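Look for chain A in each of the two complexes below; its partner is chain B in the first and chain C in the second.
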Partner chain A sequence: MQRNGSVLSELFSASQLYHCNKTSPNLLSSLSDNRIRSAHFNNETLIFPPPPSLSNIMDPRRAPRTVSDPKVRKVGFFTDPPDRSLPGPPDHPISSFPTSPPSTVDNSPPSAGNSLSPVMIPPPRHSSSILSRLRRDPAEFFPLPASPTASTSTSFSDDVAWTMKGRGVAAASSSLPGGLLFDIAAIKSAASSVPASGLTTVSAVNNLPIEKGGGVAVEMQDDQSSRSKSLKEKTTKAERRALQEAQRAAKATAKAEDGKTPAAASGAAASVKSGKSLKPPPSQKNDSAALAALEKKAGDRPPEKDRKKEFPQPRMQFDDKSRVEKAKRRAVVKQTEARNRVELFRHLPQYERGTQRTELQSKFFELDPVHPAVYKVGLQYLYGDICGSNARCIAMLQAFQEAIKDYSTPSEKTLARDLTAKIGSYLSFLIECRPLSISMGNAIRFLKNRIAKLPLTLSELEAKATLRSDIDRFINEKIILADKVIVKHAVTKISDGDVLLTYGSPSAVEMVLLHAHELGKQFRVVVVDSRPKLEGQLLLHRLVGKGINCTYTHVNAISYIMHEVTRVFLGASSVLSNGTVYSKVGTACVAMVAHAFRVPVLVCCEAYKFHERVQLDSLCSNELGDPDVISKIHGREDINFLDGSTNSENLQLLNLIYDATPSDYISMIITDYGMVPPTSVPVIVRDYRREHLWI
Partner chain B sequence: MDFQVVVLAGDTSKNLLPLVSKEVPKALLPVANRPVLSYVLEQLELSNLKDLIVVVEGEDAAIHVGGWISNAYVDRLHVEVAAVHEEVGTAGALRAIAHHLTANDILVVSGDLVFDVPPGALAAAHRKHNAVVTTMLCPAPVSGPTESGSSGGKDKIKKPRRYNIIGLDPSKQFLLHIGTGAEVEKDIRIQKSILRAVGQMEIRADLMDAHMYAFKRSVLQEVLDEKDEFQSLKEDVLPYLVRSQLKSEVLFNGVPQTEENGNEKVSSQNNQAVVSRIMANASTPSFHELSSDYNGSTHVRRIHKCCAYIASESRYCQRLNSIQAFSDINRDVIGDASHLSGYSFSAHNNIIHPSAQLGTRTTVGPHCMLWEGSQMGDKCSVKRSVIGRHCRIGSNVKVVNSVVMNHVTIGDGCSIHGSVICSNAQLQERAVLKDCQVGAGFVVTAGSEHKGESLARK
Partner chain C sequence: MRRNIKLAVGNIVRRVLHIIREEDLSLTTAAIAGLNLSAASDGDDDDDGEQDEHTVLSAAAVAASARNALRPPSLQTLLEDMPESVAIPHTSSSGGDSEGKSKSADKSSRTRRLKHDVIEAVNELIQDINTCHEQIAEQAVEHIHQNEVILTLGSSKTVLEFLYAAKEKKRSFRVFVAEGAPRYQGHLLAKELVTRGLHTTLITDSAVFAIISRVNMVIVGAHAVMANGGVIVPVGLNMVALAAQKHAVPFVVLAGSHKLCPLYPHNPEVLLNELRSPSELLDFGEFSDCLDFGSSIGSPLLHVVNPAFDYVPPKLVSLFITDTGGHNPSYMYRLIADYYSADDLVVRRRVALGN
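Showing the complex of A and B:
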């Protein structure tokens, strides 16, 4: 919660900043947030994605969407739970589900040549106690813009619903950890005096405390702050305000009910007085109520627990100090967190690369539990020697294969359990090297499932052989074969005279291009690249080697080069179930520009990378790279102006790895189940999941 | 982690001659009153490497070393001591114990290395690149005592300025050229093919090969088998591997997948090819791969990688392979690199054993060590020196920048500068030594003056 509040404020300042940058840099001085200003002072060189995609990060769907669909303006951040109980004040957007299937399909340019019929988003298959109530009615699930008076209870449970739906790491769940429990308790205390169904009554009372409770609120604040201090060492301003608002609302309702009997007829002054005199008891009551609610919450746990089983825990939020401490104690390798992190991305892990590397290296012989093959892969991740989600996934699976080969069950343990634990420890090592990609997460789920499903009758040797052949099968069928199918489909979209644009070095797209070339199609390729990795150069090198006519440019020039392009082929790290394409940073920018130029955007992505998570922006879940690589340009000492200032307090470097492209900008996703619109992703996720991971 | 450690303790070291003897092989030379080998073993133990093979040249020396290890490290380390013939060289020593080597990679450490660089870092670099050999390079030590600038002109003390000529690629990860021994003084010959492949080579003379290597076992054994004439790891095997990295004569190419895909059908072999292509495309290629790309990748690439790990400046790393190095290391271990010694220093930055006796008006300066049972007379002064066990030192003696081993008797009025005095030696009254080495049991006559000499029993 703490984060959510601050993020909200950050967002406003950040987007404001962006406008400033666009209009005139002088306006910067008017900004209040000193830190952000200095971080952005050199927008071109500092912030790696350049401005257009930056705008996407900061405010995912600004221009095109606001016009077509007014409600989406509100999307992007969740209201704080206390706010949810209030009927959305104008500055607190009500979060709603973003996709509206038919419109997206209509939006896609006609030249996409989409032969498949759009598929409606089916009702989700997960049903939990809270969800089922709501999911019966799709209209409720997708609050329509036409009904701005949607009852607050709907929007509240809607939020909850989608928090549930997001798989663990999902955007929404970022609002879950730490403070949440407490805040829920606060809401509960707010609602405790009101029957649960009567959340709407809160809205009626909302205005009351503004006139009445002015003096009360001030005193309450003291009370509040002391209490919150005792609860938690440090609470941010936003959190305190949220708490206070919840309290105020609770009190207001209590007073409204009380006030009806004794002080209904009394004047304003009298009511203030009575408010003051009445103040101590209710606040104490509130406290106790909050505590009671907390306990009640704890008592209500069983369903919560069930839910936990069904949905993995939210990813650790790295701005949650206590949890980070705990995790540190568990960690194999001591890591120093980077000092100057960008405020907006505090919840993501970021470490000092230098110390991390030396630490990991010098610990080489002490990391006995880690299999050498896994260690090697981890090191390669850390140094960026292997990148690209397919390659990382294959490397990991092959390392596990090696590890399984050398594995022997200790006596008095069963293979299934011990091996799962072992793989878990390998994973935590790999995560310390670099956070897992979504595709890797899926592959691990598959592997763990296979281990769990091993028949008990198998001998150890047989079990190991089975697992290794399973892994082989996964690599062959889900990656290699899938790529072949993708190539087969995608090639039909390439015709003579085409100018194809690709960004970065996606493995699937490369195969498509090579195959099209083998078929003798005449086309030209524009390879768009970006700093700091410049992966595109390798792709370029290979394509040119095969005799394909190529153009190379950086993403800065995307709007210039897009004129001549007829198709855009992109790779993806993952496709989420709302059709969002989660991919290398800059992809969103390319897709948006292509969309603006009415160039079809085709995303090549194997279906094993699909994920049922829903993500609306690239803030909640992302990965931070080494900030040094964007501040320094290798081999160009003459333009390394930042050498002295990287340690400055006022400078924060941001090197994002991924971004999220809204489905609006994607014409088609080419996957091993054929060419589908982005809206069909959830169908594939739902219907083919079992077959898919052999679960 | 599938590593085996071989400690090469005691190559034939003629340049340490007055100091080493039958009883005190090189590995047991005391550095701050601990055998030099103990520094290596302890560093390895710190890195959780407890299964070691210690190779010693000569049966007698092996008995001495083995005896000492079993005394000092009983229950802590699992050490096998292997004796090999004298004069076989480091490569020969490895050849002799080759049948004991089973792990994938072998870490070879020289027993005379005093260092605090984590060996894990070397091993990690080795694994990361799947290299054939990885060597540790450390900044070349500043030789000679810092104070007494007048180093004697004798060849025993004089050291070559440059230890190695080392060529690195721009990322400083790969070893492109290494010149050792006599080559250092000659012209540098660099292969065109390597230079063409890399495009840019950095040639460094300020780095020293620390004689700590990680080898891929299969390659090492193959090279040792095929090249009988190779004597030394440092001067033969390593330069050979570096030279031939782009036209590898060792058979395998570090791609162990070839054996795996034999069991499946043809289609799966195709898949393997696709997998390896995806992997190759996704990983940042080293110059090896790029160079073979240009040449047309139809034929099998015959390359192997030679990597280097450069220890950071702040680490200590020095080899005890000369008399100068011996006194340097002694000075450093009780001085700048005192964390290596494992002793706790007093407030005056020195160590005086409680059982040592000091006369009146005797001063022991900082960075000194005075060990068990030693006695000193009046008005002595000791600066930056190590004095061993049970020494008897008379009055009015000055000891500066020197190493005095055990059971040494020093008469009144002696003056010792920058010298090494071995065990059981005797210095009679008013002897003056400057930059000398006194062999074990030697008697220096009263009133004699020596400068830059090596004194030993004939």
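Showing the complex of A and C:
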């Protein structure tokens, strides 16, 4: 609720603002001065309240609880999810997800947050343990901006949310209007979501008085006025009614406060704050307030936001004509739709290949918004020069690094917002070249998160340097280091005399095999390959070049070869939180046959590729490759049966890129957190989200 | 190895042997009936003894011819040999016969009748084999309903005719064709289906698992049907059958009765398989340095495995559709008893020993 209020605050005009101060006095207790500060943080015009001393920061929630000044009822305005500054498509869910309401704050003391959740996996024994330690004891590593509170509140709010649900209080919070309105904002910016349901709107009415408290932070709206204006036009009847009702309620309370102008409101807010939390000495006001805000943002907000984000935004459905039209208008590359679209996959993009390449090349000089480095990577995606989710992810991040290096904030814009928009536009360019993989989506989410969390005190140069080093750290820790850890784990599963089977050309598995070979283990590798990419041949080349004994075959012969195999090592594009392994098409076949032959299947996958989405089949979400490569077989000119008939409307060529392997077939997932069964994936996903904030 | 692969040839040889036995038996019973009328007990005995001798000898002769016949143009040579093989035992037996000439003349007429009957029966068999596609296809409408989604892998004339017959009967359905690497017969099938106006989607073999959840039925042709109800099929179909089982999709095998093999499979993946050239999978030019035996270890670093067939165990097969109707895998042994005589398996073994 708290967050919702803050979210709402953005949406309310100043005229409604001043009504809200007196509503819901009981919520006062949940108000923390830190949060207030952070709410103001986004709006630089606000006067910051006196900064708290460190001890105050340590215990931000307790103090306000004792204060009972009615003026401090502006419960709603303490948090603003950092995402708000992202104009690009946010990952927020459309549904109104239960968020942590203020009333339960009393139920769990802040310290409770420090305890590890019972399901938490044991700390890894390897170098990545630094990361997890970071999560638990951030002060040790980030003494400056991140005070221990942040970590406390991280898990704390998380716990709160869970408690909430358990207690059934969620009834009230489950349909929080904040979620709704926030989503509307998301819709506005992303222009790709479904309208919020009427149900949530109704509950918005109930909760309104509280949310209006958030209105104090209206000034934040200034720089987003255009957005919220258009948003207002979009508000539904129910929402307008909600507004009216709220106003009426506010009048009924007969407020003394009548500061109609934002300045007055902020003044009131400031006084309220100082009245409420007397601790912070006025002298350090400005910078420590910023600090507090920063640490608030870093620590408190994200988990809540993540909770919301746990439902990823529905993906673009290409059978929705109006949306496709809209997307087309925005598109940089004009793509012609394939003539014979496969009926089952109308919801996925199916374009003619070939045309986009020439078009992209010819458009190079017109596409000024796209940074050359990004452009290059995009073309590489398009031509298939870079494949494999790790390689693609690293290439993208490095391109963004270049772009950030050359970026300069236009006047009258803030770096955080403008850069996010910029990256959003690069991203849509990349998506047009090839749909993002899940791992890339996760990396983007990280990057946007970092941008949003940039302290405003940093100069542009510093901010850019920070971002670039963040990206470097992501690549190093989440991909390169993670691979090393995976190799270390996986090698223990290889013994002399083993026959290992792998499918395609997974980078992690290749490293495992090479490392095992270096250790002098005697084993044989079966490389299973499939059309159309035949990536296995590349792997085969590299393995044979290192002197590893190999057997090569195609996926159809898998039942033949499986008799002699003792272990199957597979790579993954992503692991979804129901344990499904989303990987190169054919992986499911291999895993299934291995399962049928009682051969253990080990999946090597870095934790950054884990995703909270769930999927049961390979059809709802997938990527379609170039259909023409199906009809033409490379190197087999004798097979040209289909040469004349590809234009026939009865013939459809389907080139699936991914498939989903059910978790039943997976014996073990080897990740940088150690070796876990597929059932533990959701635990890692949740854990990872928290840790993610700290890298 | 080579001999084992062409199971259908062996099947036909056995069928013909079976036909000869049957015809001979029916003639003999007719003769016995005639002799019974004259009530000559010793003649009856003699006849019996001769029949035994005749059977053994003719079986040996046919087996000898079958040995030659095991090479591809076998059916032809077998049929040409047939009268001789029947004639040989006759002359030998007549030479050793101590009975009078009247008996011998009677026998030669009997032999002619036997020849005639056998030729007739073999012609019938040929006819059966030629028309088995149509007979199987006739049943298509009973198995394919409107808007069905069918998956198949590789190419088979039986499957093509089957699907086309359903299309002829105004059923509309779509077909997913897995290409069937490395021979890519699926491309051929897809082309045929498209020219005949069926909605066809060509997929890679690896996409089978992804697609099968939306498929109502898997229909495939078989290379051979074993006595236990298992099938030898083009490579890749075991994977399809497993996926079909996982998604509870019926796995239907179309097979003419000439594909019915009276053998029980033992290690069929190896013994009833054929390994084809690696050139279908790998470009020799690219990997020539790894494939040779000249490396220091003495064995090549790289092996390429390219089997031609898969074995699908009976528990993965939902239904056989043959020219005699639909059958459960567990019923196959019964069909075999109908088509083959148990002695022929022994004959086969004798041939093996003789070799």
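The rule is simple: the second predicted complex is superposed on the first by the 376 of 695 C-alpha atoms of A that agree within 3 Å, B and C clash if a C-alpha of one lies under 4 Å from a C-alpha of the other, contacts with A are read in each partner's own complex, and residues count from 1 in each chain.
What we mean here is this: a contact is a pair of C-beta atoms (placed from the backbone, for glycine too) under 8 Å apart; a residue touches a chain by one contact, two chains touch by 3 or more.
Being a predicted model, the structure only gives us computed values, none of them experimental.
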{"item": "Winner by number of chain A residues touched, once chain B and chain C are compared", "value": "C"}
{"item": "Partner chain(s) touched by A:Tyr560 [first = chain B, second = chain C, both, neither]", "value": "second"}
{"item": "Chain B versus chain C as contact partner of A:Lys321, first or second or both or neither", "value": "neither"}
{"item": "First (chain B), second (chain C), both or neither touched by A:Asn650", "value": "second"}
{"item": "Partner chain(s) touched by A:Arg598 [first = chain B, second = chain C, both, neither]", "value": "neither"}
{"item": "Partner chain in contact with A:Gln380 - chain B first, chain C second, else both or neither", "value": "first"}
{"item": "Which superposed partner A:Pro372 touches (first chain B, second chain C, both, neither)", "value": "first"}
{"item": "Touching partner for A:Lys453 - first (chain B), second (chain C), both, neither", "value": "neither"}
{"item": "Partner chain(s) touched by A:Arg542 [first = chain B, second = chain C, both, neither]", "value": "first"}
{"item": "Doubly contacted residues of chain A, that is, touched by chain B and again by chain C", "value": "541, 635"}
{"item": "Parts of chain C lying in touch with chain A, wherever the complex brings them together", "value": "174, 176, 179-182, 184, 187-188, 190-191, 193-195, 197-211, 213-214, 235-236, 238-239, 242-243, 246, 269, 273, 278, 280-283, 286-287, 290, 301-307, 310-311"}
{"item": "Complex contact set, residues of chain B against chain A", "value": "1-3, 47-49, 104, 118-121, 123-125, 127-128, 130, 170, 264, 268, 271, 274-275, 278-279, 281-285, 293"}
{"item": "Of all residues in chain A, those that touch chain B in their complex", "value": "358, 360-368, 372, 375-376, 379-380, 383-388, 390-392, 394-395, 472, 475-476, 479-480, 483, 505, 507, 510, 538-539, 541-542, 545, 635"}
{"item": "Interfacial residue positions of chain A with respect to chain C in the complex", "value": "342-344, 529-532, 537, 540-541, 544, 547-561, 563, 585-586, 588-589, 592-593, 596, 617-619, 622, 630-631, 633, 635-636, 639, 641-642, 645, 648, 650-656, 659-660"}
